[in-house]
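Structures are listed in the sections that come next.
Okay, so chain A shows up in both of these, paired with chain B first and chain C after.
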Partner chain A sequence: MDRIIKNLDSVFEPKTVAIVGASATPNKIGNVLVKNFLEAKFQGDVYPVNPKYDEVLGYKCYPDISSIPGKIDCVIIATPAETVPQIMEDCAGKKVGGVIILSGGFEEINRNDLAGKIREIAEKNDIPVVGPNCLGVFNPYTKVDSVFLPTYKLERPKAGGIAFVTQSGAVGSTVMDLAAYYGLGISKFISYGNSTVLDEADYLEYLLHDKETETIILYIEGAKNGRKLFEAMKKVNKVKPIIAFKAGRGRGGQAAARSHTGNIAGSYLAYQAAFKQAKVTEADSLDEVFEFVKIFNQPKPAGNRVAIITNGGGMGVITADCIEDEGLILAQFSEETKKEIAGILPSYGSVANPLDLVADAGVEAYSKAIDVMLADKNIDALVIIILMQTPPIDERIIHVLSRVSDMQKKPIVTISIGGTYTEASRKILEGKGVPSYNSPNAAVKALDRFITYARYCDQLKKIK
Partner chain B sequence: MTLLDDFRLLEKNGFKLLPYALTKSEDDAVQAAKRIGYPVALKIVSPDITHKTDVGGVKIGIKDEQILRHSYQDIVQSASGKRVDGVLVQKMARKGVELIIGGKKDPQFGHMIVLGLGGIYVEIFRDVSARLCPLASADVDEMVAELKTHPLLEGARGKKPIDKKALEQLVLRACRFMAQEDIMEMDLNPVVFDENGCDIVDARFSR
Partner chain C sequence: MDRIIKNLDSVFEPKTVAIVGASATPNKIGNVLVKNFLEAKFQGDVYPVNPKYDEVLGYKCYPDISSIPGKIDCVIIATPAETVPQIMEDCAGKKVGGVIILSGGFEEINRNDLAGKIREIAEKNDIPVVGPNCLGVFNPYTKVDSVFLPTYKLERPKAGGIAFVTQSGAVGSTVMDLAAYYGLGISKFISYGNSTVLDEADYLEYLLHDKETETIILYIEGAKNGRKLFEAMKKVNKVKPIIAFKAGRGRGGQAAARSHTGNIAGSYLAYQAAFKQAKVTEADSLDEVFEFVKIFNQPKPAGNRVAIITNGGGMGVITADCIEDEGLILAQFSEETKKEIAGILPSYGSVANPLDLVADAGVEAYSKAIDVMLADKNIDALVIIILMQTPPIDERIIHVLSRVSDMQKKPIVTISIGGTYTEASRKILEGKGVPSYNSPNAAVKALDRFITYARYCDQLKKIK
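Up next is the complex of A and B:
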């Protein structure tokens, strides 16, 4: 790993943070930034920088970077673009660890001259720079937070294993807010904007070595260096699954092509090829990003034989259709399983896959049936449908499902469709790390992508 | 570059093409067809015509001299008012599944290969799969499997599966070719496959 990438440690795990452009005026970006560190009880030292103030939110304020005593690990810059090159010089002089530039006004408005100066200083001094023109980073483990959207409007997710790398700040902030809402735990949030110094491939490389990161979401509009991204995706995805979402797929503005191939093969086709060759899981929408990512916390399945458990026949049928559409297989239960399940079912029930526990089924029946299936070698993954509306189902089902999910024996996905009560239950499940869906199609598609990735990992093992 | 230059460059790079000759007159074409052997196809060669079929610039399955002479006149007429380099006489390809093996140099990702059901409807159905160069043989298998029309390649309706080895070799050769000659865009279209191999019927590329 290049030294400049390694130095991102200073950005994500700083002991000291300077905020250039700090403000004492409420709701100004420079004020929100300082507040982020204050409210999150950041354990290190915080130095607001602004010649206008002596103090910001109780922190002593400094006129510039150079006048701060001692070492600075991370500098967050939120001042106009023209001022940034000089601040970068100060950072280099002060030997700071890393820099986040939130300010816009660089490549995106053709001020490549300003961007060029930043790059030059950064590369000469091995200073990693996140941005400019971005939201920067959030690390729930260390509470570093340069996201200048107030926490009462944009909740911060809890600590977990999902890293989120996004070119767009707007998409990034929305995903982060939703991740918090659904209780998904994240390891690192990186909004990298113009990628003037470090690009998406560099962040993937960093996350490969990041001990908290298990799964990576990549939102990309246009890569800075496609081949470099491709190579990075290939390397990282072998160890940590990447879920990629490419926006800006239109073929508008494509130069008139002389050949059929030129006409068909827009830039998005090249991205698709790159994703496929790197075996990266491609999401088609923001919804799919969430649907896919939440199953990757499950243990990898050994194959594609799926058992369905339900307390409503129709939902089982719909889900079985989805299984077939995605090319997965309905598992054949072992004789042992059949016998044990017959003991769980009421006299009018029948042993089949989908297994309909019928509407009388209580939490006990689910618990028993799931345990039997976890032990069956003919079953690789479980789809558990729970109609929360039936009388015998109560909140104990949540404990059962989170117990099964925590056991990490086989991957499970759960499906519950309904209104307020059901959605509230689903939210609790999500918070406990149980993959929960309100659509059989989405659940089975996510399972399919997970199985595909697991198969790839198996192949890698065999090659070794 | 003329069509003939294109063909020669392909041959130089190891592609095997159907026997062909560029002819400048009707009698010339008759002689060429005799040498190549019927049945043959005639194709207009003009820098002004990109999609030859659309203007009636292609005649196929010509069995004898009489039909050849008629066809020749028709073709030349179809190109009236346009610059014409000549008429290509080409051995008729085998019957089978028509594929396109395309290539492109993407500004971000560099050379890529596009595989799809070929012929004249390729831009309408857009049933294609793509991979970045260089490819491994496993990539070619995946590209085939991704096509919606892949059952046609696997031998639908009592047909034998196409020669996958020939497809793989052609795709890998196309990759090397694009790198070697720094090709911007390439169409090998159609390439006709049956169980015993393939014939490249038409090709175009730009550098």
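Up next is the complex of A and C:
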């Protein structure tokens, strides 16, 4: 790994952070930034930098980088574009660990001169630079947080295994907000904007070696170096699955992408081919990014034979359609399974896949049916539909599902659709690591992509 | 309209309701049913029927239908299948207005004998029968509610213009729960199960004449009479748009559908062709049903030229892609519009479609940009992306959007993605009749379907 990439450790795990452009005025970006560190109880030292103030939110404020005593690991810059090259010089002089430039006003408005200077200083001094024109990073493990959106509007997710590498700050932040909402844990959030110094391939390389990261989301508009990205994806995806989403596909989108981060969106077909060849899981929409990523915490399936359990017949019908649409197979239960299930069902029920436990089904019936199916060698994965609205279903279903998920025998996905009560249950499930979907299509599509990735990993093992 | 269909008025707007199989035991179906009427403060008379009790939840209980004094408009039956023919005879003797049979155990388990008897009595006496094997009906206007799922688990939507005709009770109820969650108003909920007496075509015919109903959702697994359904769809859809979703498409799904409501799912291709020919809006998934229906309250667009407004560049890029994917057109702003927008944007902003107001944009900028675009003859519809997470966006955006929506000049859809704060804002928007999506794909797809329907209505007018 290049030294400059390795140095990203200073950005993600700093002991000292300087915030250039800190402000004492509430709601200003430079104020929100300092507040983030204060409220998150960041364990290291925080140095606001702004010649206008002596103090910001109780922290001593410094006129410039050079006047801060001691070593600085991470510098966050939120001042106008024209001021950034000089600040970078100061950073080099101070031998800081790494820099996050939030400010816009570079390549995206054709100020390549300013961008060039930043690149020059960074590369000469091995200073990793995130940005410019971005939201920077969030690391729930160390509480480094340059996302200048207030936490009451944009919740921060808990610590976990999903890394986000996103060219667009806004797009990435909405997905981060969703992750927090549903209790999904993340390892790193990286909004890299114009990718003036480090690009998406560099971040992938870094995350490959990051011990907290298990799965990677990549949102990209236009890569600077397509071949480099392809090689990085191929290498990293073998170890940690990548879910990639490419925006700027059509002409209108490409033009918009150009003025957004100053990158050329490039031919979508080329990206699509690269994803395919690198065996990266491609999401076709922002929804799919979120839907796909959360299944990858499950144990890898041995095949594509799926069992469906439901307490609502219609939802079983819809889900069976999805299974066939995706080219998966409705599992044929073993004779043993059929016998055992017949014992669970009411007299008017019938043993079939989808297995309709009917609306009278209680938590016990689910628990038994699931256990039987986990033991059946003809079944590779379970789709468990739970209509939370029926009277016999209560919160014990959450215990059953998280027990099954913890056993890590076969992948399970759950489907529940509804309002307040159902959404509350879904959030608890997600928080316990049980993938919960409010759409049969989304659940089955995610399962299909996970099965495809598992098959790829199997092939890799055989080659070895 | 047939007399038997017309008589559904008794089911939806009864003054007196009898509940056969009422129970004093909490959580039993027969208890939840009586409780529904009690808690919803139903204005008419409620007669529990069960020889075991003198009283249920404070209502005097009767041993059978015949012993109830006076006229009965609507009878809800929740007793075992074998008992239903005799109860139907009692209903005929008593000349009741209409019947809802919730009980299962008929065609779906090959008890066509029992179903046949019910049909015979109903048709001979012009008694409309909803069901059997269903959740029956909910009418928020009159509070008739045979949906035997507790209201704390399945919220009931407010009164509005969307009717649900659903073969599967569970599927329909989850969508109803979602509608309540997001504050969408419904006119009638009809879960019709086995369609032994009245079928989906009959309900469509009824809803055509229902003054509360403006838009219709149709969830179907298998119609008894495909030609009749086609004719009804064609006729009704000209006046009130129908969003149709067909489940039981593949082999597995068809088998599941058969054991679910006893109907043959039939060739999906035939259904698809029928939807297309009847110009009915087909949803491809349950998600789409919900996503599509909520845009039909908007004023009909004159064409397919769409303007996008955003405060997050990446989200504009994604949405522009969706516009092109759906074959819609990114509007070319008039010179007047360009000039006025340039005045709204910060110096580093650029006038383009998508219009990126950038993250600094406040509510004022949105309000002005929207007004300019509403006045531009080159623009037929607006997609307004609002990332609620940015500091300058506050609740005044809701006033702006509902004002625009109330003006009913051009259709608008909004897109906001995020967690708690964003979801709360989305619910308020939906409650005020502003379609809000958490997915650019869903928003644009819905807009496309609405534009298609509007074009069809235009053609109909020209023919006249």
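We take it that the second predicted complex is superposed on the first by the 448 of 464 C-alpha atoms of A that agree within 3 Å, B and C clash if a C-alpha of one lies under 4 Å from a C-alpha of the other, contacts with A are read in each partner's own complex, and residues count from 1 in each chain.
Everything that follows uses one rule, which is that a residue touches a chain if its C-beta (ideal position, glycine included) is under 8 Å from a C-beta of that chain, and two chains touch if they have at least 3 such contacts.
Being a predicted model, the structure only gives us computed values, none of them experimental.
Within the superposed three-chain model, A:S402 lies out of touch with both chain B and chain C [touch as defined at top].
Judged by the touch definition given at the top, the superposed model places A:N225 against chain B, while chain C stays out of reach. In the superposition on chain A, contact is made by A:A270 with chain B only, not with chain C. Measured by the number of chain A residues touched, the leading partner among chain B and chain C is C. When the shared chain is aligned, no partner comes close enough to touch A:N125: not chain B, not chain C. Of the two partner chains placed by the overlay, neither chain B nor chain C lies in contact with A:T452. Of the two partner chains placed by superposition, A:T83 touches none, neither chain B nor chain C. Within chain A, the residues touched by chain B in the first complex and by chain C in the second are 257, 259-261, 265. Residues of chain A that touch chain B in their complex: 222-223, 225-227, 230, 257-265, 267, 269-274, 276-277. For chain B in complex with chain A, the residues that touch the partner chain are 50, 100, 102-104, 106-110, 112, 114, 116, 122-123, 126, 128, 130-132, 139, 142, 146, 185-187, 189, 204-206. Contact residues of chain C toward chain A in the complex are 27, 32, 104-105, 109, 149-150, 152-155, 166-175, 177-178, 180-181, 219, 221, 247-253, 255-257, 259-261, 265, 285-287, 311-318, 320-321, 323-325, 330, 348, 350, 352-354, 356, 359, 387-391, 417-423, 438-442.
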